[in-house]
Every structure is written in C-alpha cells, then in structure tokens.
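One structure, as structure tokens, below. Some questions next.
A, B, C, D and E label the chains in the order they appear, each numbered from 1.
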Amino acid sequence: MTWLNSHPLTFLVFAPTLLGLLLLALPQALGKLTRLLGFLGALAIFVLSLAWLLGRAPGAPLAEHAPWFTLVGLPVDYSLAVDGLNFWLVILTTFLVPLTMLGTWNSLKDRMGTFAAMFLLLETGMLGALVAQDLFLFYLFWEGMLIPMYFMIGVWGGDERRYAANKFFLYTLSGSLLWLVALLFLAGKAGSFAPAIMAQAASGLPFGVQCWLFVAFAVAFAIKVPLFPLHTWLPDAHVQAPTAGSVILAGVLLKLGGYGFIRFAIPMFPQAAMHFAKPLALLSVIAIIYGALVAMVQRDMKKLVAYSSVSHMGFVMLGLASFTVIGTQGAMLQMLNHGISTGALFLLVGMIYDRAHTRMIADFGGVATKMPIFTTFFIIVTLSSIGLPLTNGFVGEFQILNGTFLSGFAWGRAYAVIATLGVVLGAVYMLWMVKRVFWGPVNPDEDSGTQHLHSDLNAREIAVMLPLVVLILWMGIHPGTFQAISEAPVATLLKDANAPAIRPLVLPSAPLLGPVEAAAAGHAPASAEVHP
Amino acid sequence: MTGMDAILHGGLQGYLVVALLLFAIGLASVLLRRTLLLQFMGVELMLNAANVALLAFARSRGGDLQGTVFYLFIIAVAACEAAVGLALIIGLYRHRDTTDSDRAASLKQ
Amino acid sequence: MNTYAWLIPILPLVGAAFNGILGKRAGKRAVTVVALGTVLASLLLSIAVFFAMKALPDHRLTLDLGTWMATGSMSVPFGLVVDPLSGIFMLVITGIGFLIHVYSVGYMHEEEGYARFFSYMNLFVFFMLTLVLGSSLPLMFVGWEGVGLCSYLLIGYYYETDFAPDAGLKAFLTNRVGDLGVAIGMMVLFAAFGTLTVGDILVKAGHLGPEAGFGILTFATLMLFVGATGKSAQLPLYLWLPDAMAGPTPVSALIHAATMVTSGIYMICRLAPVFTLAPITMDVVAWVGAATALFAATIGLVQRDIKKVLAYSTVSQLGYMFLGLGASGFAAGFFHVFTHAWFKALLFLGAGSVIHAMHHEQDLFKMGGLRSKMPLTFWTMLAATLAIIGFPGTSGFASKDEILALAYAKSPVLWGIGVIAACCTAFYMLRLFTLAFLGEPRDHHAFEHAHESPRTMTWPLVVLAVGSLLAVFLGWPKAFGGDFRIEAWLAPAITYGQVHLAHGEPGGAEPALLLATISTVLGLGFAWFGYATYRNGLAVAEARAAKFPFLHKLLLNKYYVDEGVELVILGPIRWFGNLLWKLFDVIIIDGLGVNLPGALTRVFGDFTALFQTGRVRNYALSMTLGGAVLLYVFLK
Amino acid sequence: MFLAFALITLLGALGMLLQKNIIVAGLCMVASFFGVAGLFVLLANPVAAALQIIVYTGAILVLVLFVIMMLNSHEEEPAETSRPIQRWVSVILSLALAVGAVKLVLASKGLQQLAEKGAAVPPAVTLQGVGAVLFADHLLGFEVAGLMLLAAMVGAVALTKRNL
Amino acid sequence: MTITPTQWAAILPLLFPALGACLIPLMSLDRDQATAKWIRGAMYLTALLAVAAGFWYLTDLWKTGAQPSFHQLHMDRLAQFSGIFILVAAAMTILQGWDHFHQEGWVKGETLSLLLFSVTGMMLFTATSNFVTLFLGLELFSLPLYALVATVRPRPETAEGGMKYFLTGAVASSCFLMGGVLLYGFSGTFDLKAAATVLQAQGLGADPLVLAGAALLLFGFLFKVSAAPFHQWTPDAYEASPHPVAGFMSVATKGVAFIALLRIFPGSLSGVRGLEAHVQSALAILAVLTLVVGNLTALVQTNVKRMLAYSSISHAGYLLLAFVAGTPAAFSGLLFYLVIYLAMNMGAFGLLTAFGLQGSHTTFEDLRGLGWKRPAMGFCAAVFMLSLAGIPPLGGFYGKYMIFKELVGTGHVGLAILGVLASLVSVYYYLHVLVALFLQAPSAEAERLASDRPAVHAPLAGATVLVAAAIVLAGGFTQAFLVQGFAQRALQEGLGLFR
C-alpha cells in the first residue's frame, strides 16, 4: 500500500498492462468472463485515477522520478508526472477505456479477451506517453501504442483491415522514425533526454538546425494529429477499425499529437516554432476547411466522422499555432472536446452498425422513427460536434478563433476569419448526414439498414451515453473545471517561449480611453496577455 | 633489379605475379565455366596461387618455416574442400543429373 | 425580486428538460401543466422584474451569476441585463410565448409528439430569453444559436415527412452562415474593445469619436449585420423563412413571426452605439432592409399557400424594421418589432385556426366564405389585417409611419421603396383575407366540415387582437402629433454609455404629415384593390396574371432564388468537396504521396530480386564486383 | 628456369580455363600443378614441392578426375541461354585483375625492399625443420587441421552415403 | 610437451564440443538405429551435454575474469562472450532440431556432429588474432556448414543450396587466404597484431599490396556476414537448409564473423594508421548497399525463410553501420544487438519448426491463421517480428538505437536517416508475417497442422522459441545491464577498447 501511495503513476500506467497480460493468459474459452474482468479492471483504474488526481492536495504535483539506465552515454530517467497540461487528458483516457468497453460490449463475437487485453495494453501506451517526462520514455510509449492498435484494427477490423492496419502502422512509424533521428541528435548534444536540458542544448544550436529539429518533431506529431496533408491514414484506420478502436483512436490517440506539440515541440524549440507558426496555422486552416468539405461528400458515416476529426483537430492545431493563452487554452479544451464528442459519435455509429450491419448513409433514412432515444443522443452529440453554444464544442472553437484573431502574428486575423467558415461547414456535413439518416420517412427498401433496426438503445448503451452527454454539457457550461489547471502552465510556457504579445485592434481615435481604464477593462488572471 | 627484370628473372616479384595471375585465372574459371567440377578446380587454383605467394614470401624471409607449415595446413584445407565439394557435386548430380551450375538454379528470387 | 431574475430563462429550461425527458411517460396533462406553468411563471416574474427595473434610477438591472469562460484576457460571465430594451423583449417573449403555448394546447392536442413539441417550445423560450437578457456577446450568441437550433427542431417537427427536415436543415444552415458573421463580429469587437460584455463595449464605444467608425468597426458591424440577415431573414439569407412554414403553425407564429426573427433587430438595437459609429453599415442596413421589404412583398402577391403569404409578409416587415434601424430609428424599428409581434402572431394563429378548421388545407384558392363558419377568427384576423396594412389608428399604422418618416429623412428613394412595399402588403393581405373569409367557398367538402376552433385557440386570438389594436398607444407617431413615447422609454438602453450619440432626426412636421398621409392613402387604395380583385373569386386575378405571364411566373417561383443557390453555391461546393476527396485525398496525397512510394519500393524490390538469378556464377560475379569495389576504395 | 615453370603453371591454368573437354581440362590442371611444384623447387622448398605432387596432384586431382569419370560428363553441357553480360563482365574483371596484379606488384615499394633484402638463397627447407615448427608453434593448428579433416569426412559421408 | 592448467582452461571450452562431435558419429554406426529411439536420444543428449559443458565452463571463466590462452588461442573476454553466444545458439539449434530432423527424414548423428564441429570452429575463429588459426577456424566452421545445408537429401534443392554456398564460400575463403598471405609477406608474421606493428614501423601501411591484402581479408569477413554484394548465397542456402540450421547459420555465422571482424579490423589491425578510414568508407558504401538490397528484396519475398534470409542481410547492414560509426559505444551496441539478434532470429526460424512447417512449405500462405491456432507461438512471433523491426520497447530497438545514436553523434546523419528509412521498409515485411499469422483466415494447411498434432507441435522447438521470446522481451528492459555487464566488459577487457 505504501508502494502504491508513493508510485501512483506507475501503478496507473502499468496496471492496464498487468491486467491485459492476465487476460491474455486466461483461456479463450472464458471469452465473456475475460471481457467482464477487463471492463471491471479498467473501471477500477478509472476510479483510482480520479481518486488520485482529483484527490491530491491542490498544487501538489504528482510526479515520480528515478534514474533508469544509461546507454551510450545517455542517461534515461524513469520520470513521470501529471501537471496542468496532461491532467485531464489522463482522466479522459482512463475514462474512455472502460466506457468504450461497455459501449462495444456485444460488438465483437470472437476473441473478446484478447481484444480487451489489446485495449488495456493500448491504455498503458497512451497513459505512459501522457505522463512521461523523459523523451526517451515518451518515445517508448509513443511507439508502443502502435502495436496493440495495429492488432485492434488488423484483427477485428472491417474488410480492408489489413491495408488500413499496415497503413496506420507504417504512416505513423515513418514520422516517428525520422523524429527519432532528430531526438538522438539533440540528445547526443545535450547528453540527456530531459526536455529542459534538451531545450537548453537546442537553444545553443544554429537556428537552421533548430528548424530542422522542430520540423522532425512537428512531422511526427502532425501525423498523429493528423494535420493536413498527413491525414490520409486516418479515414482508413477509422473506417476499418472496430468501434472501440475508432473511439480510442479519436478519443485519445490523436490528442497525443497535439499534446506532443505543447509538451515538447513548442517549449523545446520556441524560436523555430514561432518561425513555423504561419505554415502550421495555414495547414490547420486548410485542414479545417478541407476536412469539412471532404466530410461533406462521404457516404459512409464513419468516414464522415473521420474526416470531421481532421477538421476538428485542425482547430486544435490552429489554437496551438496562435501562441496566445486564449488560443492554446482553447486548443487544450478542444482536445478534450474532440475526445468526448467524436468518441461518442463513433460509439453511436457503432451502436447502429451493430444493429444494421451497414454504415452507409444511403442505407438509412427515418431512423428517428425506429430509434427515438438513439436519435436524441445522436442529435445532442452532433450539436456538440458542430459547436453549439453551451456544449463543449463551442467553448473550444470560440477560444481558438479569438486567440488566433488576437495572436501576435500578422496572419492571425485572416486565418481566424477563414477558419470560422469551418464552423459553418461543420454544421453542413453533420446535419446533412443527420437529415439523411434520421429524418424523413422510413427507408422503404427491404434490405435497407433502417429495416434492420428492431430495438432502441438498451440500458447499457444509455448508461454509456449519459456520462458523455453530461460531460458535453458540463464542459460547455463550466469549462473552468477543465481549463483552470492548465491556465498557469500554458501562460508560463508561452512566456518562456517568448511568444509574441497579442495584438489587439487599435481603434483610430480613442481620446477618452486612458491606460488605467484599459487595464481594468481587460482583466487577465495569471496571463501574459493584457488587453490595452 | 628493376621491376620488370625481377619478374622475368625469378625474383620475388615474379613469383607474386605468377601467384596473382594464377589467382585471376582461378577466379575467371569460377566466373566463366558452367561445369561445377571446373569451377571447383578454379577454386583449387586460387588456393594454389596463395600457396605460391606464401612460399615465395617465406623464401625471401630467409626460408621461414612458418610458411611451409601454413602450406601444409592449406593443403589439408584443400583436401577437405575437395571432399565436401565433390560430395556436394555428386549429391546435386544425383538429383538433377547435371553438373552444369546454370541448370541448378531453382532457388532464386 | 431582482435576484430571482435568473429564474426567468431557467424556468422554461426546466420545463423543457422535464417534457423532453419524462414528458412521454407523464402524459399530456402533466406536459401541459409544466409547459404552460413554467412560461406563465416566467411571464409573471418578467412583469415583476420589469417594473422593478423601471423603478431603478438608471433603468438597468444587472445580475452576475458566475463565470462561463475565463482564460487569458478573455472572461465571459453568466450575467443578465434587464433594461427597457431587453425588458420589453422579455415581456413580448414570455407574453406572446405564453399565449401561443395556450393556443398550441388546442392546436397540437392530437399530435403524438405533444411532449416533444412543448419541450422544444419551452427550450425555445429559454434560448430566446438568454438571447435578449444575456449580458455579454457570447451569452447572446448562446441564445442566438439556440433559437436557431429550436427553430431547426420545430421546423423539422414532422420528421417523418420529406420536406420538413429539409426545411429545418435549410433554416439551420442559413442561420449558421449568418452566425458566422456574428462570430467574426464578436472576435473583432473583442480584439478592439478587449471585452465581450455588452455594457463594457458600449461604454468604451461611447468614448470614441465618430471617425473611429471607419475600418474596424464598419467591418465588425457589417459582420454582425450578416448575422442579423440570417436570423431575421433579410436578403440574401431570407431563403429559409418561407420554407420554415413546414413546422406547426404555432411555431410559425412564435418563432418565425414574433420573436426569433426579430433578434437581428434586437442585436442592432443592443449595439446601437457601435452601429451608429459605422455610417456605412447603417446605409447598408437601410438599403438591405428596404430591398428585402420590397422583394418579399412582391413574392407575397402571388403565393397560394396561406402560410407562405404570411411568411413573405414577415420577411417584408422585417425589412421594414431594418429600414428603420438603418435610418437611425432604433426606437422606430424596435417599435415595429413590438407591434409586428402582436399582429403577425395573431395572423399566424388565425391562419392556424383556419388551417385547423380546414383539416390542414393551406391553399388559399380552396378556401373562401369562412366568415360565417368561424366568426371569432374572422374578426380577430380582420383586426390583424388592418394593423399590418397600417390602417390609421392601429398599431401597424403608428410604427410603419415612423419608419417611413425616418426613411425619407435618409433618402427619398428609401421612402419610395417603403411605400411601394406597403402598397404590396396592403394588396396581398386583403387578397388573403378576401380569399379566406369572403366570397363563395371553393372547396365545398372542406367547407362543410369547417368549424370554429376550440376555446384554447380562440382566446389567445382575442388577446392578441386587442394587443394589435392597442399597442399603438405606446408610440403615436410624431407626424400625427404624437409623442412617440417609446423612444423616450428606450433611450436609457439605446444611448447607454453614450457621450455623443448622433440621433436620427425625422424631418419637420409639415412634410412628415404630408408624406404620412400620402403613404396611408396609397396603402388603403391598394387594400381596396386587393379586395376588389378577389371578392368575386379567382377569375379576375387569373385574367390579369395572364397578361404578364413572365412576371407572374417569376414571382410565383420566388425569382428562382432557391434554384440559383443550388446551382451557384451548393452544387459547386459539393462538387468541390468531391473533387478534393477523390482527386486530392485519394489520388494525390494517398496515391502519389503514400501508396506510390510504397508501390515504388515494391518495384525496386522486384528489381533487386532480379539479381538473385539462382546461378552461382552470377553470385560469384557480384562478389567479385564487390571485391573490386573494396580494392578500389582501399587503393584509391 | 623460373620462366619455364611459370609458363607451365600459367599455361596449364589457362588450358583448364579454356578447354572444352573436361578431362583434358583436368589434365591441364595436372600440368599446372607440376609447374607449381617446380616453382617450389626453385624456392628452395623441396618439402613443399613433394607435397604438392603427392597430395595435390596425386590425391586431390585424381579424386577430381575420378569424380569426372563417375559423373560421366566429359563435355561441358550446352548452355541453356547465352549470357553475354556475365561472360564479358567476367572477362573484363579477370583481365583487370591480372593487369592490376602486375601493376600492383610493380608499384609496391615494400615488395622491392623485401626482394632485395631476401635475395640470398636460404638453405633448403627440411622436413625435420618443418616438423619442429609444426609441433612447437602450431600444435593448435595441427589439432584443428585434424578436426577439420574429420569434419570433412563426416560431411562427405553424410552427403553421399547411399543408405540413410 | 605438457599442457599447463591455464592452457587447458583456454582450450577446454573448445574441446567439449569437439569431443562431442567425434563421439556422435560413432554412436550412429549401428545399422538398426532408425528403430531405436534411445540412440537418437543419446546422440542429442551427448550433443547437448557437450554444449552445456562448454557453456558451463565458459560462464565459470567469465565469472573468474581469467583470460587464459593456448598458443594462438586467446580465451579473452570477447572470446568468452562469443563462445557463450555460439554455444547458446548451438543449444537452441539442437533443441529445435530434435524433432525436426527426424521429420525431415534424417535421423543420423552426422548432423549433430557437423554442428558441433562448426561450433568448435566458430569459437576458434573468434578467439584468435593469428591468421593461421583464424583461417583454420574459418574453414573448420564453414566446411561442416556447407555439408549441413545439404543434409536433407530427399529435398532436391538442398544439394543446390549447399553447392552454391560451398562454391561462393570457397572463393571467399581463397580471397581471405590470399589477403592473409599478403599481410604475412610484408610483415613476416602471422600474428595480425604484431603484423600491424611491424607494418606501421616499417612504413608499409600504405603499400598497395598491403592494402589489397587488407581488402581481401575484409572480403572474407563480409562474405560471412552476408553483406551485399557478397550476400547472394544467403537466401538460397537458408531455404535449402533445415529450419534450425538456417537459424544457426543466420545467427552464429553472422555473429562470429562480426566479432572476428571487430577483433581484427578495429582491434588487431588498428595499429596500421590510415587503414581505419579505408575500412569505414568501404563499409559505409557496403552498408548502404546491404540495407537497400536486403530490405527491398525482402519486401517481395513469398517464402518466409527467404524473407528472413534477406532480413538477416539487412541486419548485417545495420551492424555494419556500427563500424562506420566506429566508436566503442557503437561496438557495444553491436554486441548487444547480436545478443538480441541471436534470440530473435533463432526464435523466428524456430517458429517455423514449432509451427510444424516442413520442407518447402514455408510460404506466407502456409502461415495463414496459425497465430490463433497456436497462441503462445503467435505471441512469440509478434515479439520476434516487432523486435526485428525495431519497435520499442523490444530488445531489437535498443540495438538500433545505440548504433544510430553513435552514427548521428559521429556526424553520419544521412546514414542514420537511411537506416531508419530502411527499417521502415522492413516493418512492412515483418508485419507481413503477422498479417499472415493473425489477420488472415487459416489456410487448409494451418487447419491440418492444428488438428492432427498436439497443441505445440514440436515441444522442444516451442520451448526454445518461448525462451527466445523471453530473452527478447527481457532485452528490452535489461539493456543497460546487458550492455554494461557483458558487451562493454567484453570489449574493454578483451579488446582493450574503452580505454
């Protein structure tokens, strides 16, 4: 017990592995039992993570540090920590895993135990990558995530699963291998894998080298995000993956890309990051619009949601590229939002797929008549996804857009205005899909998906969706719960990075507006940004 | 003695030239002949070339006996190679009824 | 009392939640009680709060309920502001809302989705109240988008039909385009003023000189106006409103006539000091308003669907309001909102009553002679018709006249357009009225079964009719010697924080009176013309239409705008999306960027595999080549 | 004398390389080995010369010729397809190697020094001397050579023994 | 002529397997042994015992830290390290072969005997810097392998594979010999360390014939590690040979050749100034070629064994990169890599045995769905393939990690990028195995294999595969221990690096 108290993060990260290995060791004949065991274990881990993370004394950091090994003259530390930047992402992960297990309870017919084990191994990878404070450790977890995900897509996926799984694996690996070279280069210069020391070493390098290093980091993370034009693995992976895989892919895996930027790429190479802010933002804006336009013409619901992910994650990247507290905070929240909303969407699509065995939009029509509860949930999640105020989607997007508009870069305003178009397009593709699937008369075709819908959501499925809906509203109405903790770290980070000050619009003549009033008007808690 | 003279008059250089030419001819027969037995003989030639060079060097080092000892070992190696090599050729002949190495090319890609 | 003001929006929300989640199980009676009860409670509370506000010295009641979003320099509170402007709106929303709720009890009583309907309606009231009471722009935006959502849900209420979901989608998406403008406007205002709280913005704007308006503020206000055109169905974003009639009639009355569609006007009034700083925007507002008023009115002339006529009429009247606003007549525009709320709600409810009586027959050409069958509806509709055509002494007369007077001051052309639109309005309203209630019944079967509506439906009509007629006393036009009391009422709200706000000054009394007389007489003339054309059936009208086949067809097909939008905007966007997907995503990025290198690698692999010939001589040769390379490198 | 033996050696080898008939090629090989033995005599190494004739010519080549007879293929089989690239590249490489070898020998200063230093003819190698060195310095090598012969025998048996 | 105890200590580890090699053929003289299972058992046990004794003796030696020698044989730390390496590989091979040779129709003891001879030769090869011994060691381990490749005589292609291996190998060893003779000629000594000193002292380091000799010496090593373009025998020989023998060749041959290369070039010959640069630039070129050819050709293979052969070629490329970096850390990375490589490649070939694939039934098609039929073996397969691909946190990653780190550190960023791109390509064909095992429906062959045999088809092979997987997995967590405790000590105390 004392060990647990002193190593809560180790436990949190590796408990899923232990559980997963246990499930792998259990005989296959126990199929359903292993599934239950996996779920209960994941639930327990979630509860523990809540207890440890929320229950700690305010301000007390949750960290573990121990030297691990030294190879080729480079010390690698076993260094884990939870701080403002990853706090909620950790909880999101532990939350989504049991929820997804419950949500896809009956989706799989065979090898349920193995699947649950893969899921838990993936959880270890994700949690480890989130809490790792040493880049080598981070890299281990980062790559380690690929393996279970590969099997989840490849074994339990759709018809094109082999292609999708290989593509996912190779695509993401290609970025991270090149990143590894950059990592080794910098670690060699710094003599350490600690981000702070590496950052210091990086700052001593010529600017051109810094830029190359940043690009290597950025490409690895951007593939995960995924940022246009490195996104094409995502639609295949999402469509082919089983529901649980899609949920966790959208819910957590993509977040790690954005998290990588804010945790490593930006603080380590602030100058280069600033240098590349414009191209990053441009790609983000393209991703927002492009993802939305392509989503609009999709025929498969899952693919549509997948492309919507591209669009939504574009917002995250735009917020990060703005280098303002508002934008970055918005991006952090948007990551959580996307995890909840898109995760929920994939769950819902999975639920209807389990019943109708099709995901093609044209196969449906009039689903609302058959499944009113399902429809209600779908609409709520849709609204969250399109950023309706009072749902979570709005807060994130609003802050990102405002942060971008205010950013110290000349392009900020134009990009913010263009990116706003994405909000409109988001409504177009989502609601158009809703219209074609849910509204209208019941699809009269005998073989249509709607005709195969015989039951509305059962209690289990409602129990899965309710927490998500509650979160959607909670995050929309009181985002402070989720943003307060990252406010100070983000502000510090941007200050350390020497981010350019925000650029308010200057009105031509403001004779009566004195500086004192101005300071009073824009109150800025713990922030480098003060409106004049 | 200049280089060319030394070669023609049986100096060390001459032996080395003979050795290296013998080596080249041996290699050429591995590359150019298709009959496995002749290719094998090419290998024997290459070994012999080494022998010539070895003993020539040994001589110019004042009749170093180490060289002769190594020569003994090389002969043993050549004998062993002959045993194994010929056994392999016979084994191949039993299956394929040929000693043409180009015809024994089912393992490829 | 004031600290409970937050209950005003929350009560309907509670009702919505109850009806949405439990309504189906609780039964119709409980649903009715909850839905009506919450709105009624809200109404009573509103009245109390309104008078409490009036009693305050600065007519301004603010309430801070905690933080919504706070990060960096952005801080958005949950706060309410009740001042004369939002106060009157609040009363209209809860008051007319309550009446329409009552009406709906009768109108919807056979519907299966009764609870769903009332849940949406309550939710709408909540969002509408949030819109008007919210103390900051994002909070206003909550309501702004929220009412759009409710509108979407209510238009698509008959979701199992084909057209209703389409109409709902159209409404939501068109509104979204407008919301884009509001979002951008908010960003600009935030960047310029450093705050999103309306009060603070107004205070800061008040310190700006008139020269501040060019550039930034013009852009911001124009963007906000784009939002207003979306929500208030102005050119070019009016398209959704006529289709929105697919929803149940009470919805049309509440949302698409009385409240939601006027939120654009509310926003401009709310931000009047900022708009005033941007004269270019004001011109745009005025001209767009005028153009919409005329454009929609002409379409209204030939429509056969009773609700469509009213819908285009609404668009046209909204145009009027913007015309007023654009002419700096914030009070005038707002007053028209107020009066319009009464009579347009009444018109819709009356139409609903007719439709109800005719078993969901909406075609005017199949009605006729209903006067005898439904007298109460007839008389209340008459009151509303008189009000909308500006019959002297009615509320419509007062508000319309004030707008026209201000328009003349801005530009005589605007006045001219306004008058023509007013004449068209008079014509099609009388056409509607005549076709529905007078003359001979054209569909005898339906006529036989027609009957007066139940009491829950008729007494709201009566209340509204009284309102339509009496609302005039709030602002008897100055042209006719009145004091236009509402202007003074609203002044604390509209000039809030202002140091030097330029007021729109109507011209002197003499031309005003003359112009007012001209417009009134012309309107009445066209009203007679409408009556005369249709009193004996359709023959006269058809003969006349045949003389202008092209024009008639153009109007009948609403200038082919829907088709044009499909052709010019939606089609290309879909085409472009497909292009991006099939060409860019699949072929260029995935094909050339991802699969091609993969395939090339395989091809190279096939190539290198060619060297593995299986012939031992080749192997020896490549080894020899390798040896040669080694020798070369070593001896180099 | 040197030239004669050298020519016998090289021409015998060339004959092996170019001769169509396998048996003739084998006999050329014998000639070449005799030439090598002659060279060894010139190198004052009668022990090596004797071994060359006894072991190489007497044992190994006879074994090879025996196998040639056994396998019953006296002529080189006709080529399945002509492979000019293989042939020409091989020829060029071999020639380059030969020419390069001569050039290397000529270019090597160290070789020249060595040749001058060791020009004096040393006393002939005796079997006694060889034996002494073999068992003193190269005991390990001797043992290993023994193992190797055993291994080769086992290998040959494993590969060719008729009944498994 | 007495042999002192320290001399015994130096040769005993070699004597055990040699003794075993001599004994076993005697056991198989009995004609009726095909029916007598116990004779087979006795032969295998003898072989295992010989290996175990050598292993036990070597580990004991390692613990004491003694580095005895016998004439030209120096049983120093590096030799002990490689001896342990070879013996472990041999033990795994014997265990995997137990059932497999039997199924392939070959039960006689010659196979085992040859294997043990080869083991002896390998240990000798890595334990000396004297050219005579080196050459004899090379031949002693090569000749039995030529024969071993062709032992499964009923299969027609085995003799072909053996012949190819033999002929190319003979050419390579002739070149090796010529190189050694040239170095001897100029230095007057067969001891390469002394030769280097002499050459440097007499200023002959840059003599063209000396350099040519060094190049020819390198030729021999590169052939044994199967670096391109000396690699072409590899896939053919592996395909021809029984699975355990292929595994043994891929691991042990490559391993000893790399260790001997390490001992001779950066070790013994380091005294010749300027040679290092030549070696590095030559190896850089060949490493690139090896990586490209190995990986690309592996990509298009349909036969798992051939794929593994090309993969072993590409691994030679990574290992060669360690020489390009040329730092002690890179060499310790190399040794660590070899340890993991031993486990994962023996395991990978052992899988084929454990899955019961015989003869030429080793295509990807034959593997279909077997992963689910034999979950434990499937799990091992995943471990091996992902480790071969260098996916963290498996052991294979750390080997590459150390080599790449040193490459980048010594300024060869381009080579490092090429290396990672190559491993990206390699991921594809390693995944191909997993695709076949897990992602495809079982083939008829898989169903048959699963139905008519016990759960793990060849128990001993299965066990070795499991052990190998355990080593690979553990390698991912004990990497620092392995590197510092073994690889670095071997280099430091055996070769004198890290000074």
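Going forward, a contact is a pair of C-beta atoms (placed from the backbone, for glycine too) under 8 Å apart; a residue touches a chain by one contact, two chains touch by 3 or more.
Bear in mind the structure is a predicted one, so any value in this text is a computation, not a measurement.
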item: Intersection of the contact lists for chain D and chain E; value: B, C
item: Graph distance between chain A and chain D, where chains that touch are linked; value: 2
item: Taking each chain's C-alpha mean as its centre, the one farthest from chain C; value: D
item: Geometric centre: closest chain by C-alpha means; value: A
item: Distance between chain centroids, defined by C-alpha means - chain C, chain E (Å); value: 79
item: Chain B and chain C: spacing of chain centres that average the CA atoms, whole Å; value: 98
item: Centroid spacing, where centroids are CA-atom means, of chain A and chain B in whole angstrom; value: 67
item: CA centroid of chain C to CA centroid of chain D, Å; value: 103
item: Per-residue overlap in chain B, given as positions that touch at least 2 other chains; value: 16, 23, 26-27, 30-32, 34, 39-40, 56-57, 61, 66, 69, 73, 77, 80-81, 84, 87-89, 91, 101-102, 104-109
item: Sites on chain E at which at least two other chains make contact; value: 132, 136, 139, 143, 146-147, 150, 153, 159, 162-164, 167, 171, 175, 185, 208-209, 212, 235-236, 300-301, 428
item: Residues of chain A whose C-beta touches two or more other chains; value: 170
item: Complete list of chain pairs which touch one another; value: A-C, A-E, B-C, B-D, B-E, C-D, C-E, D-E
item: Touching residues (chain side chain C, partner chain E) in the complex; value: 598, 601-602, 604-609, 611-612, 614, 616, 618-620, 622-623, 625-627, 629-631, 633-635
item: Contacting residues of chain A [partner chain C, same complex]; value: 167, 170-171, 229, 231-233, 235, 290, 293-298, 324-326, 329-330, 366, 368-369, 383, 388-390, 394-395, 398-399, 401-403, 405-406, 413, 416-417, 420-421, 423-424, 427-428, 431-432, 435, 438-442, 477-480, 483, 487, 491, 502-505, 507-513, 518, 521-525, 527, 529-532
item: Complex interface listing, chain A residues touching chain E; value: 24, 28, 68-74, 111, 139-140, 143-144, 146-147, 150-151, 154-155, 161-162, 165-166, 169-170, 173-174, 177-178, 180-181, 184-185, 187-188
item: For the chain B and chain E complex, residues of the former touching the latter; value: 16, 23, 26-27, 30, 36, 39-40, 43, 46-47, 49-50, 53-54, 56-57, 61, 64, 66-67, 69-70, 73-74, 77, 80-81, 84-85, 87-89, 91-92, 94-96, 101, 104-109
item: In the complex with chain C, residue positions of chain E that touch it; value: 163-164, 167-168, 171-172, 175, 208, 211-212, 214-216, 218-219, 222-223, 228-230, 232-233, 235-236, 278, 281-282, 285-286, 292-293, 296-301, 425, 428
